[in-house]
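Listed next: structures, encoded as structure tokens.
In the two assemblies presented below, subunit A is common to both, partnered first by subunit B and then by subunit C.
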Partner chain A sequence: MENLFFYIAAMLAIVSASSVILQRKVMYSVLSLIVTLLSVAWMYAMLSAPFLAVVQVILYAGAIMVLFLFVVMMLKYEKTETFRFRPGLLWCLGLVAAIAFLIEIVLPLNMTESLAPAATALAPGFGSIKSLGSILYTQYLLPIELTGILLLVAVVGVALLSGVKKE
Partner chain B sequence: MYLDIIITLIKIAIVFGFVLNVAAILSWAERKQSAVMQDRIGANRADVLGFRIFGLFHPIADTIKMLTKEDWVPPAGDAFVHTMAPFLALFTALVVFAVIPFGDTLHIAGRDIPLQIADLNVGILFIVAFGGLGFYSVVLAGWSSENKYSLLGSLRAAAQLISYELALGLSIVGIVMVYGSIELDDIARAQGQYILGFIPYWGIIAQPLGFLLFFTAAVAETKRVPFDLPESESEIIGYFTEYSGMKFGAFWMGEFIEVVAVAGVVTALYFGGWQIPFVNNQGIFFPGLFTIPLPHVLIVLLQVAAFGLKVLFFCWFMLLVRWTLPRFRYDQLMAFGWKFMVPLALLNILVTGLFMYVF
Partner chain C sequence: MITANQYLMVGAILFAIGVLGFLTRRNIIVLLMCIELMINGAGLAFVSFCRQMGSLEGQVFVLFAMVIAAVEIAVGLSIILLVFRNRATLDADEMESLKW
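Right, the complex of A and B next:
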């Protein structure tokens, strides 16, 4: 049962991810990307990381994709369909990236030992918000506080850029 | 195994049956209530074989009308996205009910049946996440219509939804701090406590400011008066201008489902969920004085009924608000959201934290 759901989610993620680059219309690429993010969130939820799954939906599918959508909405449709930047150059770069990626995928298959850690029983409450929070605010206190300050600076910057009018 | 699936399906049928029926009746109640408030007679014309029952056939008549209307897609627009947008609106409004608990755990024939469709341990965040995805139906509807007015309407809607989502999320933090959990059934159960022995420890008593902020932001998320700028059905015209037939009906229905959803979430978070004051899992009781025992199934049924009544009360209250207040101007809307609601929500978190530190 769980395997079946995993394969559905994985298939959905792969199909929608390839649809992102294969679609001719920019809007469809954006919508495919949203589906990809949601199906990855689905996998997080099945890997006993429900908080990560929900944050994925709130932040990536719910907030970051909104920006993408706004940009696409404001562009003129016909131009986005036909515009191509240096097709020859993009082909070469794409080919290099594809070969590198293929090697990355094939190499681990030939290894004798598996890269995945051996299956161990999870501690009770693993992946719950309480356990995540207690790790973040004890073991990783400094990074999380620094991230908080960074975000605060960004917020202040946005308020400054958008709020103050030059008379 | 199969029994579990059947029980879950029955729970889904009960919840969605309740929600969809209440949403349909609300479409009539909105007109009738506005009529009563404005000293008119209101929608009472639809009849079946001469029977009118106050006009309760109007939802059925409306549905038949919309299903038989021409379904028109703008030829310059995007047919696929145009069709998908109303379904998204319905989906995001309905999926919220999956985590709202509507009763205490039912012990029957040796089984424990939690009266909640999915007991996720991310609870409230699930509601925030999928409620937030409702944004896409609005934006895609405006964009796919290939109409400048629709696009402007969807931009207004997007700005409003994003702005008030912030206040909504921040006001929930207070309730999470007070009850120490983000699971909705834990929160509902924690609201069965009493302060000073006789005042029910409901969210509205623990978080009065949080309740006002949450309710205001939630009404703004449903895009209804006084926050109905995205629609402005009387003059400006919003994101669903280019919709007709049942697709328009789906947006309409989605709005009423959102009303029921907001009522459900407000009840679960701030009005004790399924708790009835002075009724616990033994029976009617008064703390420290007496207890009148009641059978378990009866108590659970009473609690489910209490939850339904609270939801209906909030639906009624939201209709009342809709026909009482005028609409915000756009700049007032934005200033209210960012300069009033968000700072107050932050203050609420601060004061809640101080209280919890002191006591």
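Right, the complex of A and C next:
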């Protein structure tokens, strides 16, 4: 049963991810990316990370993709729809580099013997919001605060970039 | 029984698809989406290792990566809007001068 769920999720993720880079219209790319993100959330849930799965759905598939959809609907530009890929040699070089990268990363995975499933039983509540929160606000307090400052800087930056200047 | 290697493989394939799209597509919005794909591939690897080791550090890292991705997309999309307003193009190959 677990195998079946895993293979469905993996297939969905890979097919929709390839659809992201193959679609002609940017809108369809955005919609396929939403499917990819949801299937990644599915795999997070299978890897006993329920809180991350929820955050993935709310933050990624919800907030970020809505932002993408707004921008895609605002901008009309058809030239990159008839010519999806970069001109001539650049396209081929990119393909070669990506295939080389895939081989480089998949071969070591195949050569190493498969990692055995975790020997120690997971603590109850592993990956729940409580366990994650208690580690976030003690051990990772400084990074959390810095992330807050980063968010503030991003808000100010976006307001500065997109604000209409008064002449 | 699904082993960690299989999840790592899916993560690697997602990352490679992101690299492929980033290197071959023209539209700059699609380039941003390919970055998202790469972040998700890396996150999947993080979470599968953290399931393997029984520690929560990997999940914390993925949480930070999500926040950073949200920030990056917000700033990146507003830069794209600004470029489109000034240059009327979304083609990454046409954005070649640093100052207009």
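Just so we're on the same page, the second predicted complex is superposed on the first by the 129 of 167 C-alpha atoms of A that agree within 3 Å, B and C clash if a C-alpha of one lies under 4 Å from a C-alpha of the other, contacts with A are read in each partner's own complex, and residues count from 1 in each chain.
What we mean here is this: a contact is a pair of C-beta atoms (placed from the backbone, for glycine too) under 8 Å apart; a residue touches a chain by one contact, two chains touch by 3 or more.
Just so it is clear, the model here is predicted, and its values are computed rather than measured.
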When both partners are placed on the shared chain, which of subunit B and subunit C touches more of subunit A: C
First (subunit B), second (subunit C), both or neither touched by A:Leu136: second
Which of subunit B and subunit C A:Ile34 touches, first, second, both or neither: first
Contacts of A:Leu122 with subunit B and subunit C, given as first, second, both or neither: second
Partner chain in contact with A:Pro50 - subunit B first, subunit C second, else both or neither: first
Touching partner for A:Leu69 - first (subunit B), second (subunit C), both, neither: first
Touched partner set for A:Arg24, first subunit B, second subunit C, both or neither: neither
Partner chain in contact with A:Leu150 - subunit B first, subunit C second, else both or neither: second
Those residues of subunit A which subunit B touches in one complex and subunit C touches in the other: 51, 55, 63
Complex interface listing, subunit A residues touching subunit B: 25, 27, 31, 34, 50-51, 53-55, 57-58, 61-63, 66, 69-70, 73, 128-129
Contact set on subunit C toward subunit A in their complex: 1-10, 12-27, 29-30, 32-34, 36-37, 40, 43-44, 47-48, 50-54, 56-57, 59-60, 62-64, 66-71, 73-75, 77-82, 84, 88-93
Subunit A residues touching subunit C - in the complex, by the definition given at the top: 2-3, 6, 10, 13-14, 17-18, 20-21, 26, 29-30, 33, 36-37, 40, 43-44, 46-49, 51-52, 55-56, 59-60, 63-64, 67-68, 71-72, 74-75, 77, 79-81, 83-87, 90-91, 93-95, 97-99, 101-102, 105-106, 109, 112, 114-118, 120, 122-123, 126-127, 131-132, 135-136, 140, 143, 147, 150-151, 154, 157-158, 161-162
In the complex with subunit A, residue positions of subunit B that touch it: 78, 81, 120-122, 125-126, 128-130, 132-133, 135-136, 139, 142-143, 151, 154-155, 158, 162, 182
